[in-house]
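What follows is chain A paired twice: with chain B in the first complex and chain C in the second.
Let's look at the complex of A and B:
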């Protein structure tokens, strides 16, 4: 009996050692692909570019870095697979896409439509679905990849961090995009990014490029970009969708102005459907805030004055959000707010009638916005320091 | 290649078949058969017989005395084992100077007179057989033979050189007693008796070893130690056939349950307080002469991971430290293998910036991570091994060489990457944090197996290793007690002294799996509280 066990053990040990080719790949045999860029190529093709880390230059043990921390590789092909295949010939190492946190889409490609290009991105098992996506406003993706960031070592991370920093969706953008693309009552959106310049030296002509989050691209059902929103409008949208973690409102008030920082933001959408299929949406937004700046004569320590602050901010928010919704309704006519999904959830039968012409219904729907903003923290000073004698 | 391999395998099997009969080898050693022989009544014959037995034993002393010019008395003892001063004062002087008292009328023998009237010694016994006399003399007694009598007196006059009670080297505490066991069995039993002044503390003496005749003592507390376990232990000890038992470590390998397990199933300690603590939990201990390490049976996984200090510090701190220690055990076992698995198979699981810095550090390293880890672990174990044997004066050289060669030069030369050095160093520190040395050895060894599994199969291999290890640990038994008790099989009451240590007043019962009889150890309701009423002025 024990003889058999011994024989099995020795056999198994041999298996362990003699098979030789394990599917292991060492880290220094892989090219770490941090970001991809997709642009329009020649003849309806696609131009794919990638930002790849140069690990040797990342090491800063002995003082500063020796050179650029990344390099850009690009090639064209009929589709993604073709382009990647061609790019392999330029790489001495095996590409590792598992950590690709962000990809950029050139504006031209976004307007052409990206429905055919996304299959490869979702099919491969090694690519994470937790990816941030940007449409490059007025430029190509490869140009964004080339912009280096002074703070972030792998500069592709900079865009992602900026996005999270200002209260965007961050790494869930791609997932949200896919969800929206597959649903009838919500149109997909992708945040915009643009390249701007910042003055670095004393001379105004010494400038450095830097990327900046610039709003939102609106896509239609065919996944073509049909409209854009600016950054403020983008935040209004995120507030309605319930993604916004923080928000800043600035309003003129009396003879000065004031700024409020909001958190604990939430939203509620109530559809009212009439017999004639005319729909009215009641959007309820709420949030709590900290008074960030007060350049008025008002004293927030007084209850009546605090009410005045709240009233001003409420009106501002209401006006802003309403104008954003109206703009989307009139300009692109795409339901990026998920109003359709709300009806879908609330009245699935009714939704069956509505969903085929949803773009039509959406543009014609009435929207009422109510906001409930509360100031629960006025900071450590009461009235403005400079207006001590103030307060009506 | 293949046929060679088969041949090697076949040869191995053949070899295992031809067992040598070790029993016969011991039996064939030359030894006079004296079991049945009795002493002669003639002193000269006895002397001749003993001198023949102790031929070429230069440490045996034959001292003949003539009492009143009449009766011959012969003292036989081993030089060096006997307190010579006491022998002179308490045995030889009274016989030589006082002589036999005249007042005695009815005596059966002169020997009896000597024993009763003239030996100022506390422990005295009679023997009639030659073998018993020889054994007695070898166990540091003085044999006294009187002419014309077939009886001998054995007087206990042990007085050999022995080490004093010192602080144990292997189990150091900050708080707690500083005495440790020595090589002398009697000193050790005395240390125990001082701690438990009860007749229920039993000490059974056995003698093991064909030639060495080593004394060993099984000690336990009557009514708490399980009788089944005791019987099993006595049985296992009586089965041992060995020429010489040179220490408790020899015994351990004969009486453990699973000799092929990497985990020790018998705990050893140098500290009497640990031993008594274990006896009070219902365990049984064995103390072997000439060994400062006592054995404690049965051992569980958790006792391997408890330190002396745990019971001398307040419970909160102990719980915290045990939590850290438990994590360190996991680190010492798994860290290198997890590092290898993650970097070679699952880089996606590493955060981006960390991955990039690891990749940067690995740039230019010629070996795969597995080989790198094996080299480093090998060097580390080698350094440790070298450091143990070296004399203290040279010992520091090892650490310098180790730190310079392994730590810095290897990284600068690009042979190993810096993160690997960190991993191996962390693992090393973690393995030093395991309080029981032989328990830590098991993890040190298993670490290499885990490393190879991780290098071959990635995290999958580690999981396989983990499952196999857990199955083994849960299956393992030490004298019928599951190794993993009280975690598996689960007992909530006893969990109070495993990863956590509850305050002492709440440790009400003895471990159910180990002890027998009354389980209550500390009656309930002893939680201290401030006095009731108004605070005093």
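Let's look at the complex of A and C:
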């Protein structure tokens, strides 16, 4: 009896080392998908492109470049699934989408509307909804995928890193978009990206294309892109939403100018609703800053001068933010600031009357902005060292 | 076969936590949106109440299992009928849990594996633990797995804190109101009150007086963790989007990203769930075999294991993707029949009728 048990045990031990996962795909049999791009296709269809890694060219980091480390595939179909299916025929390996952390949407497609196009992005189990999204300003997604960045090579990674670098929302963009699409008091936005060129001196006629984060696309309730903001306005929006980690302000002051770097930014929004349903929003923004540049004769070590700096920056920020809000109200009329959600959270009963005509209430609302910017660090020089008379 | 108070605590904790965290959340979010956490608090109180009554009923005759108790309290025929009601629940729920586990595993982990392989291997594992040492083996494995599940769940919640946005949980109560919150509490109560199966286990406890109440502590711990998870899901994913996802807990973990270094922790959630499902299945499997044996007076209850195994294996195929084109087991049978009848009315009747019987009997004994 015990002999049988031993035989069984040995048999089981063999199982431990001899079996493998029968349906695994080796790394060198997968096509690693870095980014997807979605464009308008023929006959109301979609054009899907993908940026795929060429592993052999990616390995040598020090040995100079051997060639391109990625290539682009593209095909058209009635929807995403159809186009992906057709693309499989062009791929020698099985596509692996787990590393896809960003996708691009061409401007034409964004203006056509994306409410019926993106279901596939969330349905598959391989791809998580933690992803970054961009709308390509004035161009198609496939062109962005074709651009190589000299530092990062694949443009997908360059776009992601730039977005982090300037303090964007990064991987929660798509989730925020979905949440806004499901909400009444907040309209969805997606960051914009555009293709520009590096400057390589006058003699060189070979300019290289690079991608650049270029502001924000505004979507309406039907998820059609209806407006755009530039990068400064985008930062104002993120400040109001409370997502901005850092911010830089430059202002003319006296006979020179000065620059401030802000951090610890926060915002408070207070709605005041009158009986006639006329709404006034009081937006209070605050932040702490480090003086980054001082080209004036003022001495920030003096209290009165420091106050003057603060006053100038406060006025600038107030003017900028207010003009951004006014622009959105008058041009696209979409509540991307989430003012409606603020009322929803503060006064849910009132919100039930307002939410159906919110676009109208939002465009007619008054906005008052106050800013509380404090300078709590002036760097390691007092008055500007370049000025002989500075500080007097 | 004896189990200690500690073992029953961890057993009930693991029994509840996996399915409530992973499967119940979007069902509740569908009704009560950002107030889902209130629904969970309500249902945790309701669940605790149900289990309290069940324990009271069980403690009237702590040497009897539910099967014997029903026969003893309600007489032979009605008792048998009631036991059959329970057996139907246990047999079907085994198949339901296995098939839900399989749907998840195929969707997330192993897309090309045929479902029967999951049914077969999971059943094999469960049969092994039940056959080799019965409830004692399950108790010991829960003592090992329970703390692992607990620590992993705590870790996942702690790492998610930085992603939470408080404002997503507002406005509290006013937006949904009383009725949606109660409606949302129904599915979660069904998941919490499952613990009334303690009626089958009191017989095996070494301390029959205080031991059963450890079940309540297990329930409270699992319930509290679930409430934190739900709050996390609401504050990270947002109630509207999470309600449309099949496994919102899984999406919440996807957002964990500490210094670009600690990320992709989804696999921990999978481990938590598989361990918990294993405990849950083994407990149901044990009480199904033991109960069948007692009902049909089979002397060696281990013989009925094979019967239960074959039945549940066949049922698994019936339940395959039943959410898509079946009769929605949880929504129809479980919420409309099992929750009121098996988890509330019968334990309550057992308690009331049982204590009346006990009193009259004592009186009659005193008369002699």
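Operating definition for what follows: the second predicted complex is superposed on the first by the 359 of 392 C-alpha atoms of A that agree within 3 Å, B and C clash if a C-alpha of one lies under 4 Å from a C-alpha of the other, contacts with A are read in each partner's own complex, and residues count from 1 in each chain.
Simple rule for what comes next: a residue touches a chain if its C-beta (ideal position, glycine included) is under 8 Å from a C-beta of that chain, and two chains touch if they have at least 3 such contacts.
Here the structure is a predicted model, which means the values were calculated and not measured.
By the touch criterion defined above, A:182 reaches chain C but does not reach chain B.
Contact with chain C, but none with chain B, is seen for A:345 once the two complexes are overlaid on the shared chain. When both complexes are overlaid on chain A, the residue A:27 reaches chain B alone and has no touch with chain C. In the superposed model, B is the one of chain B and chain C that contacts more residues of chain A. In the overlay built on the shared chain, the residue A:174 is in contact with neither chain B nor chain C. With both structures placed on the common chain, the touch criterion links A:129 to chain C but leaves chain B unconnected. Of the two partner chains, chain B is the only one touched by A:10; chain C is not. Counting contacts as defined above, chain A residues 23, 128 meet chain B in one complex and chain C in the other. Put simply, chain A touches chain B in their complex at residues 3, 6-7, 10, 14, 16, 22-28, 30, 32, 34, 53, 55-56, 58-59, 61, 96, 98-99, 101, 126, 128, 153-154, 157. Those residues of chain C whose C-beta lies close enough to touch chain A in the complex are 107-108, 110-113, 167-168, 170-171, 174-175, 237-238, 240-241, 251, 254-255, 257.
Those residues of chain B whose C-beta lies close enough to touch chain A in the complex are 5, 9, 12-13, 343-345, 347-348, 352-353, 355-365, 368-370, 418, 452, 455-456, 458. If you check the complex, the residues on chain A that touch chain C are 23, 125, 128-130, 171-172, 175, 178-179, 182-183, 341, 344-346, 348-349.
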